[in-house]
Amino acid sequence: MEKSEQIKLIKERSGTDAKKCMKCGKCSGRCPAYADMDIKPHQFVSYIEKGEIDKLLNSKSLFTCLTCFACVERCPRGVAPAAIIEAVRQEVIRMQGENRVKAEEIPEIVDDKIPQQLLVSMFRKYNK
Amino acid sequence: MKFSYYPGCTLKTKAKELDIYGRKSLEALGVDFEEIKEWQCCGAVYPVAKDEVATKLSAVRTLAQAKEEDGKLLTLCSACHNVLKRVNEDMKSDDNMRLKANNYLALEEAYNGETDVIHYLELLRDYVGFDKLKEKVVKPLTGKKIGAYYGCLLLRPNSVLAFDNPENPSIIENFIKAIGATPVVYAMRNECCGAYVSVTHKEIAEKKSANVINSAKDAGAEMLVTACPLCMYNLTENGKGAMEVKYFTELLAEALGVKE
Amino acid sequence: MQRLENAVLSKAKELLESGKVSRVLGWTKGEFCYDVSPCVFNTVDELKNFVYNGFCGANLSKYLINESKKEGKIAVFLKPCDTYSYNQLVKEHRIKVENVYAVGVECQGKFDIEKFYAKGVGFVASVEEGLTEVKVNGETVLNRNDVKLERCLVCNKKHVAGEEIVELNEKLPSDSDRFEMVKKLEAMTADERFAFWKKELSKCIRCNACRNVCPACNCTKCVFDNPNSEVSAKANATSFEEQMFHIIRAFHVAGRCTDCGECSRVCPQNIPLHLLNRKFISDIDKLYGEYQAGEDTTSKGPLTSFTKEDAEPSDAVGGNK
Amino acid sequence: MQKIGVFVCWCGSNISATVDVKKVAEVLKAEPGVVVSENYQYMCSENGQALIRNAIKEHGLTGVVVCSCSPRMHEATFRKTCESAGINPYMVEIANIREQCSWIHKDIEEATEKAIILGRTAIAKLKLNAPLTAGESAVTKRALVIGGGIAGIQSALDIAEAGFEVDIVEQSPTIGGNMAKLDKTFPTLDCAACILTPKMVDCAQNDKIDIMTFSEIESVKGFVGNFKVEIRRKARFVNEKTCTGCGVCMQKCPAKKGLNEFNMGLNNRPAIYIPFAQAIPNVAIIDPEQCLKIKNGKCGLCSMNCQVNAIDYTMKDEIVEREYGAIVVATGYKPISLENFNEYGYDTYKDVVTSLEFERIMNAAGPTNGQLVRPSDGKHPHVITFIQCVGSRDTSGCGKPYCSKICCMYTAKHAMLLREKYPDTEVHVFYIDVRTPGKNYDEFFRRAVEQYDVDYIKGMVGKVYKEGDKLMVQGSDLINDEQVIIPSDMVVLAAAIEPNPSVRKIATMLTASIDTNNFLTEAHAKLRPVESPTAGIFLSGVCQGPKDIPETVSQASACAAKVIGLLAKDTLKCNACVAHSDEMICTGCSVCENVCPYGAITYVDKEFRLGGGKTEVRRVAQVNPAVCQGCGACTVTCPSGAMDLKGFSTKQIMAEVDAVCKR
Amino acid sequence: MQEINKERKPLIVAFCCNWCSYAGADLAGSSRLSYPANVKIIRVPCSCRVNPLFILKAFQRGADGVILCGCHPGDCHYTTGNYYTRRRMSLLFSMLDYLGIERERTRVEWVSAAEGAKFSNVMNDFAKTINELGENKRLEDLRCKD
């Protein structure tokens, strides 16, 4: 796939218009997971718009973003940074061999209190 | 009007309290409800990506089933509520999603988002009324200082959930008042607990939970209430038991005098 | 349905007797059960010819333009669809409302006499009406939907005006799409559409029945009769003029047409004129948001309002090529 | 039958090089109704015009067609020529055979053919022309200024200075507006009161100016030069004429719990009060919601203590009607409500304040007598954090999509004043962009950074929350690529400004257009920036768009100049090409009224003879020719065709269509 | 009339508002930007003065294409006129299309007084379209010839 095609797909998948961003940084000012991110929410918006997708595909932030939607809620321009992160994350986990969690590993990390909901959401977030 | 009661997977296993006390309280309040027929898992997390259709179908099935009943789908778990409400909105306003979902499911009658998705707390506020609830309380939890924990899923995105003011909510505080306890407002009540990263990045979840608990503690809370099993897990397990956390339905049942 | 007629009649009597109104606008019997016509009743005695049955399709609202100007109050019976025309006329200041006592009447859809003939009934002497079935001449039972006017098959209108409503049964809803034929036409090729309309419109004999019956066509002097308008035409010199007449007529009522369907009901040539109006309605709904003329008496119509984001004409023209 | 003269211009070689002008004149001469057809090198020259004048006299022409350049160029010229020769100026039609023919076509045959068609089209139209006279209407030499802030004050003073009477109608109990609340003004840092209050006093003392405070516009009728306005003078329960403003009543009043509006609700005032010391008029007013006497009949202390018996608890609203020639809208602004911005904790924490509240806190005449203290505990704050663009440039639906324009500068001002007066303070400013176009503006902002050590942080704040005694301001620092949390003692929000909420109602009454943000629309964004498209309505100050004080004052004076220009005329010439309704056809359906941008159409019930001694009363539309600008929107909307446009009538345009299409 | 009644060329009627598009056409002229001679301009005060009747009449009288030009939305000299034009023409054109008349024969363009080049381009393009479509055959046999 052409790179430009890939960027277009990711943008479409995000359903948000990164061009509307006015670079105020409020998303990153609000983000509760900021400290655990290498690429910050506002940078996702900027990179996707500039087409610098490779950096994003390798970002650790894809899996530390909590999808808490605080950035989306507060953006003054109606941009959804979390949706861009999600769109890139989908791009990654849909690739061959990119599943982040294997079912057979589960017993080790599960304690008896863990709710199903957590497991399901984790699988949805990390695997295709 | 009969509410279609949607328990969701976790309420049948790890979050039984949320379910059992929820039902008992509804009975005590005289709300007409019945567990929705043939319910399926909601999907646990709303698929944000626009090209995901299949992952939303189980939610659509539940919504369509509720439409066949009285069209009022009652949710308890914040995550289920978030998923169902947002998928419902997609079925209302996203032509692509509606077309694909209806084509795929081939229901007898097309589903176009007709069902109302109502959270248990919304039911208490809008259908029962906190004033009415207050009258029905037999064992008020007088003197208990309780912090409301909203988290993310009930509040955001507000454009779809329209649950309460996303930065300064009051519904759970009003609920706490109605059952006779004292609400404690603290800054981090609408911050994330750590959510699903709990499994792979336990340290982050611990940090997030501690942040919430410390904020509540500083404000003078003795206990937190939540509507979400995932939050419950993070706040108790990753919060290392620093603060007692209960489901709101448990306190409700207690106040209504139907907790055992 | 006999019960309904009695209820309407006794309402008419009551209003006249009590002096609440001095005249009643309703329908009067004709020679046959199906040729009822609009009529003003001045006395209780005159009401012996009063009728209200499935053939009372005529929309009485337009008569109020003149009747409401006369001395004294007049009662009028309005079917749900008529109430929209009524509201629209009130909005346009054509009816003196203070002289009108409007009564909504139940309607389960009115009949198209041609459809009885199509069903093989040679002569219609009597019709016993049920909610879903009708018995013709005391013997043939027909499905009510099979003999309804087209407009009634797609009608979901409610009473939106009237001081009171005479209704014994709730109105049965319709699940038909009134835009079905419009969509079908839109899906045709331009050639097919042209052929369709050429065939239909060339039947026009310019009898002006559509114009005379249309509640929105209520001008003191119609542009087509006004030599200064440059479109007045004595007779049709060409078929283009028929087209022009019908396009202009539809355009003049666009945004004001309540889709009452009277134009098609009265057309002696059975031209589906309502399909022109419905095209405008369907475009308005699509482009500017759903709008039902006559739903209220104050709102601005879609052609006298705008938004800055309205579609460009080049994007507005849809349909098949 | 008309006698038409055709005059074909060569325009030197501009036309004649591509169009066979002689042939055009020859062919057109054969057209029915044409009695003379001439061609000449420069028809617009004195000789050319004389040729036309002579032909008019010689042949007794009733109408003239000139085939020449664009009517936008010389239509007015030829109209004057004809008028001077005794025929109505509207009996002239121009065929544009230069711009739309000779200049764009190369083939002589083709261009000549087209020129002939254009000439025929003009003749066809002219045959249907009727002499038109532009009406005149008298001008009432008095202006109304709606709003008594700095914009309204300046406009009123300038108009009065030119010798015309002006009324200022202000909705609050005093004039002065938002500027009266300010402490210092940028970029010179002079005190707002020192420059504003003398102007307020000038207004009060000018015998041409009548100030009506605590008053609202009730209705507006009429049109440019002749407005009739009803003004509601709301009951203030104190006789304005007798009250001396001594203030004794304020001291005696026992109900002291009213929120002080002038101090943005930061402290309380009595039920009877004078808004502030320099208020104009310096007269007390009673707040009936607070007054014990009005509420439950018990008290009356103010009345007992009033030396001049000015207090009247039974006072009622009064409606006064006045006539004006021009109306100035100067309704100003207010900061937006912050209910959609709870992430900044304005509703939750007392020490989060808006900039206008901060102005009052810093003001020597304010609730703290100018001492910088926190509203929550009266302690002196050490760390103050400013957040800009609160609700400005917000397209999410929570705020306003536009830039409020004044915030960058006043925030720099606040920061500078703070550091100047309290060197112990630490000041942070979160900004998206610092916008400082204007004379000495950027220099001013840079001083805040360079001389006063104000810490400017590029980025926005995501959350303000309390931790212990501190307000934690969590935001982005985009330059340093980090998320910062600043423990602050006070937070100041630069709330977006929006037009005064009353403006929509006023604009509707004035039929002045208004945009989606409730700013009034100007007649032309560049060339007519202080006029509304509705004739006789003028725009002063922020009602037209965000502005600072210097800009507001400039615009207010510009606006006054326009008003003076209008009021200086005794009569106004109206547009002759106006709509008119054929009353015999009009049904009074009121559809046309909906599309008229000028409110020129009204409806009257008129009696018509039906013959046989009978009459009929019908509702018909009437167009006010003084207001109508001749766009023609009504003519197409009219279902009956009763509405037509003079000079561009349906018949005329149809005749043109016919002529153009003739082969 | 004999001398100009040659081979029939498609005819285009252009209604132009006085303030923007007519001035745009003037600018095209003074910039010597050509467009076909079969484009004939009729001046109206505002695009909102154009009654659907005028357009139908033009077709009836033998026009092969009708174009309506006005100020850009938001720039109307009369503030709102072209907004009404936009709605009216959207509905009218859609109706003509519905009747099977080629939609390419009608057009609305917004041309400002500064857009001389645009005016010329628009007219060239429209003339090209109409030339390709040829005579208004669909209405030809229905047309009143006088």
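In order of appearance the chains are A, B, C, D and E, and numbering begins at 1 in each one.
Everything that follows uses one rule, which is that contacts are C-beta pairs under 8 Å (C-beta built on N, C-alpha and C of every residue); 3 or more make two chains touch, one makes a residue touch a chain.
Just so you know, these numbers come straight off a predicted model, no measurement behind them.
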Separation of chain A from chain D in touching-chain steps, minimised, is 1
Hop count on the shortest chain-contact route linking chain C and chain D comes to 1
Looking at Cα centroids only, farthest away from chain B lies chain E
In terms of mean CA position, the chain most removed from chain C is A
Averaging each chain's Cα atoms, the one nearest the global Cα mean turns out to be D
The distance between the C-alpha centres of chain A and chain C, rounded to whole Å, is 57
Distance between the CA centroids of chain A and chain B (whole Å) is 24
Distance in whole angstrom between the CA centres of chain D and chain E is 35
Per the C-alpha means, the centres of chain B and chain D lie apart by a whole-Å value of 50
Residues of chain C that touch two or more other chains sit at 229-230, 303-304, 308
Multi-chain touching residues of chain E, meaning two or more other chains, are 52-53, 57, 80, 84, 88
Chain D touches at least 2 other chains through residues 343, 463, 595, 637, 650, 654
Listed by label, touching pairs are A-B, A-D, B-D, C-D, C-E, D-E
Chain E residues touching chain D in their complex are 1, 3-5, 8, 11, 13, 18, 22-23, 25-26, 28-30, 32-35, 37, 40-46, 48-54, 57-58, 61-63, 77-81, 84, 88, 120
Chain A residues touching chain B in their complex are 12-15, 32-33, 36, 63-64, 66-70, 72-73, 82-83, 86-87, 90, 100-101, 109, 111, 113-122, 124-126
In the complex, the residues of chain A that touch chain D are 20, 22-31, 34-35, 40, 42, 70, 74-78
Within the complex, chain E is touched by chain C residues 185-186, 190-198, 229-231, 237-241, 243-244, 247-248, 250-251, 254, 276, 279-280, 283-284, 287-288, 302-304, 306-308, 310-314, 316-319, 321
As the complex stands, chain D meets chain C at residues 516, 584-591, 594-595, 603, 616, 618-619, 637, 639-642, 650-651, 654
